[in-house]
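What follows is a group of structures, each given as structure tokens.
There are two complexes below, and they share chain A, which is joined by chain B in the first and by chain C in the second.
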Partner chain A sequence: MSAHASSLRTVLSARQVRFGLVLTLAVVGFALFGPLFAPHAHTDLVGITYGRPTAGAPLGYDYIGHDVWSRVLAGGVSVVWMSLAAAAIALAAGTALGLLAAFARRRVDQAIVWFTDVFMAFPDLILVLLIVSMLGRDHWIIVLTVAVAFAPGVVRLSRGIALGVVNQEFVEAAEMMGYPRSRILFREILPSILTPLLVHLGIMLTWAVGMLSGLAFLGYGVAPPAADWGLMINENRAGLLIQPAAVFGPVLLIALFALGTNLLAEGVGRVTSRIEERKS
Partner chain B sequence: MRAGLAAGGGLVLGGLLPGCSDGGKAPEGAAVLTDTPRRGGTVRFGVIEGGQAGNLDAHKPVGSGAFRGWALYAKLWEWGLDARPKLALAEETEVNADATEWTIRLHKGLEFHHGKTITADDVIFSLLRLTDPQLASPYAGYLYSLLRNDVKKLDERTVRIPFEKGAGLVALAECWMSWGGIVPTDYDPVSNVVGAGPYRLKSFTPGQRSVFTRFDNYFKAGQPYFDQVEILDFSDQTGRLQALQAGQIDIAPNLPFEQLAFLQADPRFEVVASETDVWHSFDMNLEKAPFDDPRVRRAFRLIADRDELVARVLQGQGRVANDLYSPSDPAFNHDIPQRRQDLAEATRLLKEAGHGNGLDVELVTAGGAGANAALVFAQQAKKAGVNVTVTKVDGSIFTGPKRNDWTFSTGGSVSRPFLLTVQQHDGPRAVGNKTHFKDPRFAELITQALGQPDLDKRRALIGEAQRIQHESGGMLIWGYSNVLDAVSKDIGGVTPDRTGFAGWRTDRIWRRSLTA
Partner chain C sequence: MSSVPLNAGAPSPASAGPLATLKALRGRLPAWLPWFVGRLLSGIGVVLVISFIVFGATQALPSDPARIILGPEAPEHTVDTLRRQLGLDRPLVLQYADWAQQVLSGNLGRSIDSSVPVGELMAGRFANSLTLTLAVAAVAFPLALVLGIFMALRRDSLADRAVLSSVVLFKAVPGFVIGICLVMIFSTSVFSILPAASLLDPSLPAWRQPQYLVLPTATLALSVATYLLRLVRASMIEAMDSEYVTAARLRGVPERRIIWRHAVPNALIPAIQGVAMTFRVLFGGAVLAEVIFSYPGIGNTLNAAIEMRDLPLIQGIVLVITVGVVVINLAADLITVLLTPRLRTATRIRARSPGLRNAASLWRTGKSWRVSV
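Right after this comes the complex of A and B.
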């Protein structure tokens, strides 16, 4: 446990990681607690269309007169929870399949790899657009579809690393001791491949932010009058030239969130690979 | 005729110009700019062509094909600036006493682009081509009562067009000015694109660019003014705005309201705002609950704050409407009092109809102005205890096979006279009757009005029909929007136009400075 704690400290001591973490937490905090501080409901029509920023409305008003600041505060929850959920589901499902493939080998392995290859050949965004346009735009459908789109990458990654682990002595020992397969998979193998998977989780989070915002922008994500950063960019882009704050506010937050998760993931990846080097 | 006078002036100037244009000294000491039409130069239009396709067909235009049609084709009647039909190629038109026949005589000496004289045969060919079931033009439906097989040529310039008795007679002129381009008997929309419009085709690349040159024997003396017209297709508004700023196009018709403030601040451009009859509505389906109850319909019409809708959705570029369309029609009933928001009365009516504990309704829309209107209305409805959920569906679904089955949806249409609009939306033979409005007295009045050539008698019929629509119809028509055209200050002749076609009239505009 102390080894874990010390490597956690090493990871956190890296400047990039700390910066990424602070940025990510700041945006998540903004999204989660923002709605509590919104001066207006996000559906209230309080100003003139594309009204410029004033004292009472620091970001001005949007395409039909909502207060942009209130909508920015309210519009992060969907982006944050949906991208976190999508990335987490993709990680869980992908890792389970990848481990199974690596451990079971032969037919099961071939089948799983074949399926992931087929899936990976299909462009992510197109797949999501297809499913969402067929099944509707409920939040959970979007989350699941994005997760399905990301899972093959996780399968390939976890299978690849796990293949190097399944042949090691401690796994063989556990097998000989007659532990059930699930215990071997999740208690013996999983912890040893966790670090690269967590790094990948961070990268997927960045992708998910991009994809979910993109979906909302294209009109297939969160539906108006709900507030959502991606949606807000689309709603107000026609007024970009007269009321830029209505577009740049949400753009900035999406960019910061993506940047934060990306820095975090990459930083953790770099530091841990250095730790691995030092160990060997 | 005003057009004729202006054209004369243009001709005189055209004769003078070659001598003085290079010298830099314009008559009357003005700079290079002039307010008198003059000949020469090129104009470039930027139109939005979302589908990246389009054609040149006179009777079945696709996408920006309708825009190109204004340059290529001339009609028997054309849109006047007041949105009423005005004689164009036709010299005289007459309806017979029992209202079953139009007799139409062409002007003498009219010519097509390829030099052939326009005769009665060409008029008949054009009419039959438009209504040809094989062509399947979407506009053929307006002429449902035309007796196609009995159209008769009386002499070289005269045609007699028979209709079934008492049905669809007077709407002929209104229909014709919209789509009825006259084409020669050897016309082909691809290989022989010939009309009698102000400009003849030079080249056409679908989805990109079309070029036209002046037709010297155009039926309006002295017009048109440009040597060349170019129409450039843009797939999105921002791209077009940039082209306008960079000077790559001179006119951007049908500007989105959002770009108004921006272009007004630019001294190089003028934004011409035309008040039109383009109308916006919420359509309530009378066959479905809760709108099968007239009290609910009335309550919804009282919930709408029309001023706010115009201010927010049309950004102030429009006027409030009174649940009726076609206000520019000479027969429009202006005596019906304007309906205003009355939440107390709306709440009372809803309670009376059994919705005292609130009402949930889904409002379906496809996006654009309609979607914004839906969101604003949803906010207004909250105040009367009505919970409106806005559902945005794909455009192809909204106008797909279920288009007339929505319970509550956004609607509206272009600027058209009353009898044309009623045939499309809620009249007895309407193909797009989203409200399922079927009032026997209303149907009777419309059928009578369609067979009534006398305007005063028709006004009485339509006036009563509109009272019925206003009282118990299914449309909540909240506003009429303006049409905005952005025009370079170097272009003259684009003036506010009730039709909304100000920026489409290629035969009326000219370049102020030929050196530009």
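Right after this comes the complex of A and C.
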């Protein structure tokens, strides 16, 4: 227990990790609690088309006269929960399949790896576009589709690490002592491959932010009167010359969220690999 | 000279039977050939399943193409007629067989929206996208290679750390956000020197109109070069730390020769897989970049086709792109094996894609995948 606590402290003491964590939490907090502080409802028409920023509306008005600040405050929830859910589902499903492949070997292993090949031939965005355009823009469908696009990478990663672990002595010892397979899997193998998987979760989160805001930008995500950062970029793009703040606000927040998750994930990855090196 | 071909195939009287012939043949064939044949067959299988998915996603899903084409208000009997005309009432297996046969004979059908043959429609757009892709490759790959090697040689210096931390920005921030920022900086708010929309003159090839290529190329190159840069840097650092470089130093080989003749050729092998991975990212990112800049390429066409539910066009584009990715990966695997002596001469290559895991591991952790055997 104390070993865990001390390595957690080492990880948190890295500057990049702390910076990434603060940035991520700040954007998540902004997205979750923002709607409570919005001066107007995000669908209220309160100003003129592409009205310039004023004292009452720090970011001005958008393409049909919504208050941009209110929409920025309201438009983060969808990106945040959907990218978190997509990355988490991809991680869970991918790890399960990867471990199954590493454990089962032979035919099952080959079949699983071969199927990841199939999905990895589709550029992520194109696979998601293909499915979402046919099944509709229901939030859960989008989340699941993004998870399907990311899962093969997790399968490859978890299978690769697990193959290195399955043959190690402590697993063989547990098998000889007659522990049930599920116990070996969850108590012996999973903890020792958890760190790289969590790092990958953070990287997938960055990708998911880009993918989901990109989908919304293309018009396949959150549907119009609702507020969403990606959607807002698309809506106000035509007014970029007159009212750049309406695009700049959501652009900045998407960029900060992606940057925060990426710094966090890679920082943790770097620190933990340094800890591993010191151990060996 | 003239007598050799006549005797080459015939077994010499000393050798006994077909087994020896087989052995002799194996000696003459390259050792990696069985691996490559297997890899090729697996690639063909992947393409087959991709065709199932593309066909299934567009025609077999609960959504009804006939209803989509005619709109929600069309009367039921009109929809039924169209369904019959499109052959949608027949069993799926037959529909797929028909479709696959058409595709194999090079006929991708007609666009529902414009009734122009899909192949014809795609050709011009693909040419534009190819120009863009080549421009991105010409900018991003040399940049990543040179900068990656340079940074590896001066690792942990101020320059290395500065580039590493600024590169994080382009790696994390989504490509289309980079594109929007470039538009803001170079064609609207700050400077106004480059066109925000790539309204190509269709009578000229895209490369003759470079002013329209600059921003889309920059957008894609910035988001793609970072992947490769990091891979090259990690790979080069590892090469410089390797035993053969130490041995060469002990032998008194000049440092420049060590870098360019010993380390760089080895360090670039993982970069081949990196380039292949980059293409997949590039094809996906191109959809967003082309939409932002209204660039008349394949990504923009795909987006429009999906909006119009133009099924034959969607199928054609997705099929060509995915098969392209499979072919690029296959080529990268083959080149990796041919350039790695240990793999080229191995009696049996176990991994299907021997360099991929190594490249992925270098990219992710900065360290090679350690081969235990």
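Methods note: the second predicted complex is superposed on the first by the 280 of 280 C-alpha atoms of A that agree within 3 Å, B and C clash if a C-alpha of one lies under 4 Å from a C-alpha of the other, contacts with A are read in each partner's own complex, and residues count from 1 in each chain.
Convention: a contact is a pair of C-beta atoms (placed from the backbone, for glycine too) under 8 Å apart; a residue touches a chain by one contact, two chains touch by 3 or more.
Given the structure is predicted, the values throughout are model-derived calculations rather than measurements.
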| item | value |
| --- | --- |
| First (chain B), second (chain C), both or neither touched by A:254 | second |
| Partner chain in contact with A:25 - chain B first, chain C second, else both or neither | neither |
| Touching partner for A:223 - first (chain B), second (chain C), both, neither | first |
| Which of chain B and chain C A:160 touches, first, second, both or neither | second |
| First, second, both or neither for A:133, with chain B first and chain C second | both |
| Which superposed partner A:114 touches (first chain B, second chain C, both, neither) | second |
| Chain B versus chain C as contact partner of A:241, first or second or both or neither | both |
| Touched partner set for A:50, first chain B, second chain C, both or neither | first |
| Superposition-derived comparison: chain B or chain C, residues of chain A touched | C |
| Shared chain A surface residues [contacts with chain B and with chain C] | 133, 219, 237, 240-241 |
| Contacting residues of chain B [partner chain A, same complex] | 237-238, 241, 256, 258-259, 261-262, 308, 311-313, 315, 367, 371-372, 375-376, 378-379, 390-392, 394 |
| Residues of chain A touching chain B in the complex | 43-45, 48-50, 63-65, 133, 219, 223-225, 237-242 |
| Chain C residues touching chain A - in the complex, by the definition given at the top | 42, 45-46, 49-50, 53-54, 57-58, 61-63, 168-169, 171-177, 180-181, 183-184, 188-189, 196, 280-281, 283-285, 287-288, 291, 302-303, 306-307, 309, 314, 318, 321-323, 325-326, 329, 352, 357, 360-361, 364-367, 369, 372 |
| Residues of chain A defined as touching chain C within the complex | 113-115, 117-118, 120-126, 129-131, 133-136, 156-157, 160, 164, 196, 200, 206, 209-211, 213-214, 217-220, 233, 237, 240-241, 244, 247-248, 251, 254-255, 258-259, 261-263, 266, 269, 273 |
